[in-house]
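You will see subunit A twice below: alongside subunit B first, and alongside subunit C after that.
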Partner chain A sequence: MEKIGERTSGVGRITPANTKRTRWTLSVIGVVSWLLLWQFVPRLLGLQARYFPTPVDVYDELARIWEPVLKAIPPTLQAAIVGFLLSLVLSIAIGAILVSNEAILEALMPFIVGVNTVPRIAMTPLIIYWVGFIPVTWIDLWLANYVMALWVAFFPMLIAAIDGFRDIDEDTKNMLEVYGATEWQAFKYVRFKNGLPFIFDGMKIGFILAMVGAVVGEFVSNTFGVGSMAASAISRTSVSRAISIVLVLGFISATVVFVIYVAESRLIFWRDSSVMGGEP
Partner chain B sequence: MSSETATETPADATTSGDSMISFSGVDKIYGTDAAEESVHALTDVDLDVEPGEFVSVVGPSGCGKTTLLHMAAGILEPTNGSVKIDGVDVNGPEHERNKLGLVFQHPVALQWRTVRKNVMLPVQILKENGEIEGDMDHYRERAEDLLSLVGLEGFGDSYPNELSGGMQQRVTITQSLIYEPSVLLMDEPFGSLDAMTKDELNLELLRIWNETEKTILFITHDLDEAVFLSDRVIVLSPRPGEIVDDIEIDLPRPRTEDTRGSERFIELSAEIHRHFKSHV
Partner chain C sequence: MSFASNPRLARLEQWVRKRIPTVIAGIAFLVLWEGLARVIGSNRIFASLEYTWSSLLEQQDTVFIRITETFTSVVVAFVLASIFGILLGVLIAEIFTFRQMSMPLVIFGYSIPHPVLAPVFVIWFLVFGDVVLLTFTGPSAYLFGDVAANQAQQSFAINGVTTFGAWVGFFPVFISTITGMNSLEERYRHLGQVLGATRWQMVKYFRFYRALPNIASSLKSTAQLSIVGVIVAEFVASGAGIGYQIVLAWKTAELGYMFGVITVIMVGSYVFFQMVVWIIKKLTPPGTVS
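Here is the complex of A and B:
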């Protein structure tokens, strides 16, 4: 008989590697079970494939429309990324200014929180309407998708940045006061790095929102992209096509969020990070 | 320093003398707005700490010990009276930031900086603001010397989360010594450590004090710790805090682990416990 302490193989022992393996196994089991349920339950219930397509139907449809989808990705992704990056830069810059000036922050906070609570996506038709007024020839309705991405992603990212820059304990504040640190020094040496984990959490949510903004913008403006493709599929009740396009969008978002997560875990070595944002 | 004494009025000179830390007629009332309920934290505090003296302040929870220290650090302003460091009002424009070092109950080491870089933080801030002279190399060398003085030799490249609580507190102490302040203000610096680490750091602190000749104002709720370390122990009454005792500790120096077992130590400790009970 072998004593527990003498086991040399990693099997059955609680090690980081085994915990990771268990997590992966469970994830795969979860996904496979879900696909199986989706594949067989609609049939058992006697639902029509046209209205309730199975994974196999969706896969077949995706294989059929793959090339046009591939062509439609760049404009949508570009709008989302530009809107997201603008949101990132603006949220850090504006957050830094607001945090260094208590009075302006207090005055603007109701507005910021208010706009963040509003379903900003409901403004899509208005934004497209206003973009139509811009009297510049090379600008067209496509700009509305960029504006939408920015409009939807910016406020949660700004709030994340403000929360992060402000999340300093009393002792650290007092220490900076004793050294006579200026607002800029406080930001440069403490607030910015301290806020980074919050900013990364904001980025994970922000990119998903930027994608939603760009796609819904296309829904309404009907400019070329994955969003307008999905919209036309939905309007023609081509359910399997709509689902396959939405899956592609989800895959793109997930990939970018994963990239952000990897960047975070490299950059913020002093703290654990999580894929979904918030406390791990 | 002669320019400061020149600006003093004769009346000031009589109250502050040549003491390093001087409270005269200090009151602190929180919430002075008529609408708020005000809290009288400290009343009529007169306290002079001579250069090179080690003075502890003890008192029940909420008696204003920390308020007293924060006023000495210039973080809080007294409602009435004045607080001077080396004859200069800490809240006045002539106060020099490099005069004071502050050590809190919890370590304030920044998680993303190595021990060495944490120690250098005040130097960076004070130097950028023209509060200290000397080139960075001088301070870098000094950081190494101090790290070995506090027993952190070889830990310069470690990150704070790789160190124990006691070691992190040593980092904070090093940080407050790096720019050679003449006054060290310590707010229950060992309050969150286990008894053994605390005793060890008490000895270390006395050694550092002996080698660096600082004036130390030390806040604690541990009466034995106060007796062991100090030249004088100040006892505050419950709120509003008022100085009710000022006890000379005539234990011989250098004090060692054996001091705690000496008859005089036990006598003084008993006396302070008694004073404490009768006033609290």
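Here is the complex of A and C:
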């Protein structure tokens, strides 16, 4: 996303001095006016509160189901976080190995891109089916949610890592060759640092995707968690319940994405970071 | 090259060449699949190619009806996502105040793990009914003798599944439109000013064209995500489309059918994706999309 300051030069609508305050003020006005619209428009149009709940209705519902929601969050979040961290470690490790070997990378790239293109989420029931076959007593269907988080988040993060590790200009490549750097040295001193911005962009998308995987896993297997709770709102046709769960989950992942963003802007001081992480 | 003299043949050769890695990957995938199945040796854990194929053929009419249903929904979702994404993107990129006001909401909406929203969409249309745009008799009525015309009845509709698919596919095209519109180079902005372009002309002739490559490449992601959205919605809204067929296959523990249906989805998504890329290439100026 473009920084706002860049636009000001030719247009002259705002000066750099008050830009930041203007932006924040406008954002707050935006959120407040959205809430007001949401509160009053359904009533003015005479829509049923049952199907078009206002923010107040949603708040009431959230307060009512707060306890069960608090209980439902940990399993889902745990699956998403474990899947996400595994994806992160695996994507960097496998990405590094693949990049150091051009021939294997070229051979595997059609697979990786292919798997990334098809809707991996369609395999949810299959993964749950397989997990059901594992003959270990303490493992249950909930493991499928962890696998789903990993399966959905891994490939975009792997591609981000590979792109980052490969994004080296000709001069640096020549330098590595002249110094006679080994693959490990090339990775340690050049590729990893070079790939960091890409990896962070992958992480922002990856975490949301891990949540997606965990939630869909719960949709299908109906194991206890936020996803199955949201799905149960359908049979009750309770829109306010569905929306309050959406808000809670949105808040959680927005917070995590923001934390990643802050870590990125601290760690990668040589480049501007963005919350949205480039193209999703 | 002997084909060099004939441009059409040369282009054909180029087209075939570009597909070679995909074909090799596809064959390698099938070999791997069959090899794994042989090693595991149980159709209950890993269905062999032959078992998958026969299970699929057994229910070919259902699969065909459902896959048509799903991809009809995907088309509607994709079109809705593209229209709303581009229109809102242009609007928000152009009006600074509006952009700043909506930014927190956009970021929040983007970071919601989208499946959790599916129930909201499904409930709304459950209550108020679908908006049917066009009803047609699906191709399965002509292809299979035992499928009656009313069984193959299918429709382009705005319903819980398609609107949810559109929501999932919306963000890439929306964000790319904004990014592209705002990356117009300084010199073109000056050119527009010198030529005395109005604001609308500036959008129409400069900024939208600047955004076209971004929009075109983001439409590819939108195509993929619309499929994801539609399938997820079908998981939740029991009864609809191929997504429900996979869940059904899981519940009845028919692994061959499950493998078959998933393969059909993968092939269908590949074809849909290639079609979208082809259409984008035809519609946009040459070189817009790689």
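Methods note: the second predicted complex is superposed on the first by the 260 of 280 C-alpha atoms of A that agree within 3 Å, B and C clash if a C-alpha of one lies under 4 Å from a C-alpha of the other, contacts with A are read in each partner's own complex, and residues count from 1 in each chain.
To be clear about the criterion, a residue touches a chain if its C-beta (ideal position, glycine included) is under 8 Å from a C-beta of that chain, and two chains touch if they have at least 3 such contacts.
Please read these numbers as outputs of a predicted model, since none were measured by experiment.
With subunit A as the common reference for superposition, the partners subunit B and subunit C occupy compatible, non-clashing space. Of the two partner chains, subunit C is the only one that A:Y129 touches; subunit B does not reach it. Here subunit B and subunit C are compared by how many residues of subunit A each touches, and C touches more.
By the document's definition of touching, of the two partners only subunit C reaches A:T22; subunit B does not. Legend: residue contacts after superposition of the two complexes on their common chain; A:P53 is shown touching neither subunit B nor subunit C.
Within the superposed three-chain model, A:G206 lies out of touch with both subunit B and subunit C [touch as defined at top].
In the superposed model, A:A242 makes contact with subunit C only, not with subunit B. By the document's definition of touching, of the two partners only subunit B reaches A:W270; subunit C does not.
Shortest separation of subunit B and subunit C in the overlay equals 8 Å (C-alpha atoms, whole Å).
Comparing the two complexes, no residue of subunit A contacts subunit B in one case and subunit C in the other. Subunit B meets subunit A in the complex at residues 70, 73-75, 97, 100-102, 104-106, 108, 110-112, 121-122, 124-126, 128-129, 131, 159, 161. The touching residues of subunit A, counted against subunit C in their complex, run 1-2, 4, 7, 9-10, 13-14, 22-23, 26-27, 29-31, 33-34, 51, 109-111, 114, 117-119, 121-126, 128-130, 133, 208, 211-212, 214-216, 219-220, 226-227, 230-231, 233-234, 237-239, 242-243, 245-246, 249-250, 253-254, 257, 275-276, 279-280. The part of subunit A that touches subunit B in the complex is made up of residues 169, 171-172, 174-182, 185, 189-190, 193-194, 268-271.
Of all residues in subunit C, those touching subunit A in their complex are 21-22, 24-25, 28-29, 45, 96-97, 100-105, 107-120, 122-124, 126-128, 171-172, 175-176, 178-179, 182-183, 186, 189-190, 193, 217-218, 221, 224, 227-228, 231-232, 235-237, 243, 246-247, 249-250, 253, 255, 258-259, 262, 265-266, 269-270, 273.
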